[in-house]
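What follows is a pair of complexes built around subunit A, which joins subunit B in one and subunit C in the other.
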Partner chain A sequence: MTASFVAPPRRLVTGTIDGRPVTVPEGTTVLQACRQQGIDTPTLCYLETLTPVNACRVCVVEVEGSRALVPACSRAVEPGMAVQTDSERVRTSRRLVLELLGSSVDLSLCAPEVRRWLVRYRADTERFGPAQAPEAARDAARPGHHGPAETGGAETCAQPVKDDNEDYVRDYSRCILCYKCVEACGTDAQNTFAIAVAGRGFGARISTEFAVPLPDSACVYCGNCIQVCPTGALMFRSEHVMRGDGRWAPERQTVTTTICSYCGVGCNLELHVQDNSIVKVTSPLDHDVTRGNLCVKGRFGFQFVQNRRREG
Partner chain B sequence: MFGAGGGTSSYQEVEETDLILLWGSNARETHPIFFHHLLQGVRRGARLVVIDPRRTVSAQWADLWLGIDVGSDIALANAIAREIIDAGLANHTFIERATSGFDAFAASVEPCTLERGARDTGVPAAAIRQLAHAYARADRAQLCWTLGITEHHNATDNVLALINLALLTGHVGRYGSGLVPLRGQNNVQGGGDMGAIPNKLPGFQDLEHDRAARARFAARWGAEVPPRTGWHLSEMLDAMDRGDLTCAYVIGENPAQSEADQRRAIRLLSGLDHLVVQDIFLTRTAELADVVLPASATWAETEGTVTSSERRVQRVRRALDPPGQARDDIAILCDLARRLGHDLGEPSPEAVWDEVRALSPMHAGMSYARLEASGGLAWPCPDLDHPGTLFLHARLWEEDPARRGEPAPFSVVAFEPPVDLLTDDFPIRLTTGRRLDSFNTGVQTSGYTSPLRRRESLDLAPEDLRQLGLTEGERVRVVSRRGAVEAPVRADPILRPGLAFMTLHFPDQVATNVLTIDATDPKSGTAEFKATAIRVERLGEAATAPVPEAVAPAGGRT
Partner chain C sequence: MDLRVEPGHASWAEREAVDGVLGTVPAWADGGERTAGDGRMVEGGHAARERRHLLLPVLHALQDRVGWISPGGLGYACARLPVPPAEAFGVASFYALFATVPRPATVVHVCDDVACRCRGAEALCQELTLRVGPPLDEHEEGASPGPAATGWVRSPCLGRCEQGSAVLVQRAGDPGVSGRAASHAPAPLDQVLALLAGGAGSAPAGRAVVPQAAAAPRDPGLRLLRRVGLADPASLDSYRAHGGYQALRRALALGPRGVIRELHESRLLGRGGAAFPTAAKWEAVAQNPVQPHLVVCNADESEPGTFKDRVVMEADPFQVVEALTVMGYACGAPRGYLYVRGEYPEAEARVTAAVAAARSRGLLGNGILGSSFGFEIEVRRGAGAYIAGEETALFRSIEGGRAEPRNKPPFPAESGLFGRPTAINNVETLGCVLEVLTIGGAAFAAIGTEASTGTRLFCVSGCVERPGLYEFAFGVTLGEVIRSAGGVEGGRPLRAVLLGGVAGTFVGPEALDVPLTFEGVRAIGASLGSGVVLVLDDTVDGLDLVRRIARFFRDESCGQCVPCRVGTVRQEEALARLAAGRPLGSAADETGRLDDLAQAMRDASICGLGQTAALAVQSAARMGLFASPPPGPP
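The block that comes next holds the complex of A and B.
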């Protein structure tokens, strides 16, 4: 016999979004309500498996009576709340966020919708001028030690790729500081705390303790940070190498969900296969065993099946 | 337990419980994603108690760590039980309604005072008392364990001792209260479910005593099912020793390296008249075989199902074409049957599964379509409308005695120390286990380069290292009553003096199982991998020469 569990009933609240009345269960976020209405709301730092951190501000909406714009991803719908998702203030704010990111960070590997948003909000990523020379040693920047503001063009996060271990690479030229990797490494999933945000202002960056290479850090190579990274800043080494060689071909890849071959927890793996070879492994966010998370064996321990091919 | 061969609870319950006992399990390294669920529970306020001889990375999350002496789990469980009864914290309502054998059990643990428990286990009496009171008073509690409980000569008794605690407190059969054995392989639960147990048919139907079940199988298969209990693995090795077992067909197992007392295992396998090995690799066992049948990798090259530690049946799917002549296990078995004169046709994996559903009532509702749509279903799932079962034994809480059914029995179990006794000649207790990035004999994990990987070492308490006059990295001879291996020593502060640790991950470098004892549990057939008596001998000057790089896994670090 199975007992069934019914969550306590939730009150319904009614507000308006873009003038249309919307009724949702109490606790529903503005973002969820927008999505239910089919309103495409840009997000960069939001992921359904992580606690909202309100870092990117690209999902902001205007709420009547609120002095500041509010992040849709974490603000709950309140009775009588009047939300505008496409007002001039909202469009300006979203455009500026995209322009600041697009001018300083390489967004070329982001999901296609990011390019769509850049167009929709008419973001001009060139408006701050040509990129300045990259800072020599971003990792050495200390909080409070800013030089005088340069005026000769757009500041840039461009920096060499960190390629210090066999499993994955970190290309922080692509990092938008969305905090997802920090959350996945921290209390939302892995609880390893190998990385955090170091520095302040434009000097802020994702870093291991004292910026040590990964093999000297607390990292346990679960790759749960790669899973949530929206910009390609964190990448399987296999993908990085194949992209470098021009062999990476997503259009020739299949994705098959199966169960990990190691311990008895039963984690779901998504095997990304190109030319009969596994090229990377992810896990479904919406499966309640893993919620997108794996351990080092599940994420990287697949090579043995294909070593048999090489050995004949 | 109580007739169902699986854990009682689902992973989501460990997130919504009040007390988590992790007994003989280093889940942080061995079941990392289960530990994610456990940590969600801790973050929501559950207390965590870890019972382990080592202060593992799991124990480092605990509110209370009980550094138990290897193999004294029954002594600890009985002392906890005695304290719960003595303090008046036993759940007598539950005991009277849903259990049997309480009086005999209570009498058997009466001598197991806290003081005696402390003497037998090495755990301070105050800590035993604290655990007993916390477990008995918790609204909900999950008792989880792994091979630290089952890799002992008295494995079954160890499990029974833990079940006694759940019965004593009513921590079973309710949401958030249960008994959770974490399975070590991706389908060890499924293997048992499918009847790969000497006395069971698929669905845990009794081979010898369930006449009706036998008749159903006979009708479906058109052949009588002999009502004779078979041998488990350890009994098979004994039968080889006696000459009663002369041929073996080994599928997906590497007993030449995974069995305790490895030299004996290799001798027995080599002495067979005929050995067939079906595997995805040419393992050491396959090297001994007369015939090797190359198989496809079940998790990535075939269709089918596996069952996880929460009894959840999930689909594995084919993502890759198998290499060379490797074929599906089903195809190989059917071909073999044809050669033996039985045409089983060429059934698809789904057709085989549908036969399971037809014969095993607890799987009947799990069609491929439902497994696909639901992301897996937990047994029992007796019909197509059944949602699967989150936790077992809710019946024990029913008001109506008819629905409550058979009471769950207490078991009288006595503490017996490990078979391999510590003496002056063999003064150190060696225990074995897994590391995060490796798995068993390394057949699978040696295939990838892990930045975390260290080659094999004999891990000792820093105090022991000093006392033995050894320096970190020095190669030593590790001697047990069955054999000796050489390995570098490493100081590990998670070990207490007198306790040593090795893995089984690098058998080609250090054959740890040359040391281990094949004393096995008569009921489950599990060998006592967790408790070996060893001594450590210095090798002298020559020993400090560096180990040739070739023995380290490619790209591995030391």
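The block that comes next holds the complex of A and C.
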């Protein structure tokens, strides 16, 4: 819900970033200020359209006088604040966050900038030893208990893909637990609350109640969670099947922007077409009505339009 | 919200349990049959948001009644509240005392944490595995443990470290038929076997919990513990006969500002770990124009090695009720919450009874002691999560959520419980407040040192002759505390002391002369934390202890942020490799990895759990505690 009344002019605050003075309207986050300065700041759990959860900690910066580092994505610039974005402490923490993620989940389908950050921070995702799949099913993890610590390598979140409905699959071995899908399914967009974070610690996971398959949950297949997922953990079934067959070829795809014809709201659709078939549907985040969100008809209706053969 | 719930599958017992908290279903509502629930809380057609905070009590009711949170039971609770089932499952699966798969009705939680480890807890667990089988969580998941009516699990510290080898029995069943939960300590093998056989066992005589109060003559220096063993914890009259409610009277005479003025003069610092000035906290809330204000007493005490708040609540529960009332008065709050750790059934029962007694005698409710001040206290039960003791996580837990901490600012005085300006203090801090009012701020400040005023409770456990809860004026040295407890057991040499809890640091014998003041321990890079003094003699296996600490942090991480969620796993793995003699690369490589993890967890974690998760490990490494114990004299 966006309230649109005329806000009083905001006061300006001045601080420094990497020694350079910056003046921004009160309430501007350190991340926004960094972006204005052209400082590339890694983010994983942050998205313009969602409430910041500041959980991934890859965006941390050093603020003079603060004992711990602070998350740039959610901390507002304060008067006189002195921010360092590339100190030894910042680089170490960012590198460790990337190494820890890389050692526990499959980052191979993340956006290209994630690979860029892995290189920039010299993250060695293998340094904790060879990947070891967990012994017990992750959906059965009990809070406050875990099996004997792995001595042969690094325990991961590896698990089978959840392929339980016609529209999309969930491969939580790629999930970095950024909370974006939960927010999109909840108060930030969809208000369906079909999924939530369950368990705790390393056993924390995105789940329906009692891990029931999606068709038994409240899910309405709006696909808004897929839209925000940064890792490929949530994926159109069409894409998943084509990747499995080796037919997925982004270089052969075109994107056509159109307006959804199912109802009168006027949502923008981006149709991704490969070999004359629609293979997935997204929606632009910056659209002022939909902010990237659609309903099941816009998101998955294409399957009926082209009467696609069910594969797999 | 689109609720998809299946309340139809709830059993009669589950419906009754839920209705017992929420009241019976009014005739116009569907989804449940009418039962003769006791209707403790009445349905009022409130918005879902206003009832969300009842989720945790409802989950407790289900767990207590049928031994687990079943899909049907959860579905019924979700329909009644209403709460989306996925969210409710997220909450239920967060807490260690809740099961979301079927489990025996009686589960014995056996402490194998740091203090009990020094008293043979690991051997006890091994023996149990041999005699009755492995702990429940090591059974094949989902495979229900058959017809067994009982089972056992390993547990983090149960807050009875002074007795050594503690257990907690969680019993599900119809009300009145079986007790809900009970602690047993000391609990030797025979006792645990008897409990697992469904009996009560015969508890061996325990040690004196407060040796200074048991000694003849009684130590005259006791202040926070002055009533322990003298006043009847079940009697309000007895509490008043021993000086109770004088402090509240004094507070009402001083007025809210007067109380805060006395606190300023006392220079009282919080005892919950962060050592924040109490006066500043209360003042910020009292002056906040947003109404209503709330006050909270943090009795979640889960730091391994800590048992002070439990002793105070069990032995002198009215003290906590009176202090929270004073806090509400000074902060201008009409309501206070007392959040008691789920593993403390006896303490919870005592404070709940004390609240009821105070209410029946007009010491809670409207017009307290003839004033215009009105105040209510609600007792909330935790459900097995160390992280719920972190203040912002505690708020979320009461609100009916997963106990995940959040970044500060905003601080609780600005936005705390239910988004209200909130003051939160530890049980011991509140005890000090009563002392400040009783003797005056200036007199309180005269006790102890310049920067550490008043007295402090020390939880002494491990290899000492007389483990227990001790109270000393600040300034006492570590060596004096250990000597008061009879010295190292059997006169053996001291190897190390874990100071401040597992979020604290190990110190060596060279620290014996260090005064246990905030400033004194800071000078040696340590902290007092929750007052833990865990004494280790030369036979203790340092690496084993450090691995238990690493396991604790991994188990208790809320899982929100990457440095802590994954960092605690990698830390435990590195220590396991060292213990197995299979380092990845050289031992120096492992040290480098541990140092990197420590830095990132300290610097980039959201809350104090991740920020301190490597402290003890790092200090142990520096002291050479990983090396096997030197062969001692026979």
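Assume the second predicted complex is superposed on the first by the 294 of 312 C-alpha atoms of A that agree within 3 Å, B and C clash if a C-alpha of one lies under 4 Å from a C-alpha of the other, contacts with A are read in each partner's own complex, and residues count from 1 in each chain.
Methods note: a residue touches a chain if its C-beta (ideal position, glycine included) is under 8 Å from a C-beta of that chain, and two chains touch if they have at least 3 such contacts.
Note that the structure is predicted; figures quoted are calculated from it, not measured.
Undergrad: Following the overlay on subunit A, give me a clash-or-fit verdict for subunit B and subunit C.
TA: fit
Undergrad: Determine, under the contact definition given at the top, whether A:189 touches first (subunit B), second (subunit C), both, or neither.
TA: first
Undergrad: Looking at A:303, would you say it contacts subunit B, subunit C, both, or neither? Reply first, second, both or neither.
TA: After superposition on chain A, A:303 lies in contact with subunit B alone.
Undergrad: If you stack the two complexes on chain A, which partner ends up touching A:72: first (subunit B), second (subunit C), both, or neither?
TA: Neither partner.
Undergrad: Going by the contact rule set out at the top, does A:220 touch subunit B (first), subunit C (second), both, or neither?
TA: both
Undergrad: For A:197 in the superposed arrangement: first (subunit B), second (subunit C), both or neither?
TA: Only subunit C; A:197 stays clear of subunit B.
Undergrad: Please compute the subunit B to subunit A to subunit C angle from C-alpha centroids in the superposed arrangement, rounded to the nearest 10 degrees.
TA: 110
Undergrad: Using the touch definition from the top, say if A:290 reaches subunit B (first), subunit C (second), both or neither.
TA: Touch status of A:290: first partner only.
Undergrad: Give one of first, second, both or neither to describe whether A:96 is in contact with subunit B, with subunit C, with both, or with none.
TA: Second partner only, subunit C.
Undergrad: Looking at the overlay, what does A:276 touch: subunit B (first), subunit C (second), both, or neither?
TA: In the superposed model, A:276 contacts subunit B only, not subunit C.
Undergrad: Look at A:264 in the shared chain and tell me whether it touches subunit B only, subunit C only, both, or neither; answer first, second, both or neither.
TA: Only subunit B; A:264 stays clear of subunit C.
Undergrad: Tell me, in angstrom, the smallest C-alpha to C-alpha distance between subunit B and subunit C in the overlaid model?
TA: Minimum C-alpha separation, subunit B to subunit C, in the superposed model is 6 Å.
Undergrad: Of the residues on subunit A, which ones does subunit B touch that subunit C also touches?
TA: The overlap between the subunit B and subunit C interfaces on subunit A comprises residues 191, 220.
Undergrad: Considering the complex alone, what residue numbers of subunit A touch subunit C?
TA: Answer in residue numbers: 53-58, 60, 68-71, 74-75, 89, 92-93, 96-97, 100-101, 103-104, 127-129, 136-137, 140, 142-155, 176-177, 191-204, 207-210, 212, 217-218, 220.
Undergrad: Can you list the subunit C residues touching subunit A in their complex?
TA: Answer in residue numbers: 1-4, 71, 74, 84-90, 93-96, 98-101, 137-138, 141-142, 153-154, 156, 384-385, 387, 402, 407, 547, 550-551, 554-563, 565-570, 572-577, 580, 582, 584, 593, 596-597, 599-600, 602-606, 611.
Undergrad: Hey, which residues of subunit A end up touching subunit B in the complex?
TA: Spelled out, the residues of subunit A in touch with subunit B are 1-5, 165-167, 187, 189-191, 214-215, 219-222, 254, 256-269, 271, 273, 276-278, 287-291, 293-298, 300-309, 312.
Undergrad: Show me the residue ranges of subunit B that touch subunit A in the complex, using the header's touch definition.
TA: Residue positions touching the partner: 11-12, 30-34, 36, 39, 43, 175, 182-189, 280-281, 297-301, 306-310, 312, 314-321, 323-324, 326, 375-376, 386-390, 394-395, 436-439, 443-452, 555, 557.
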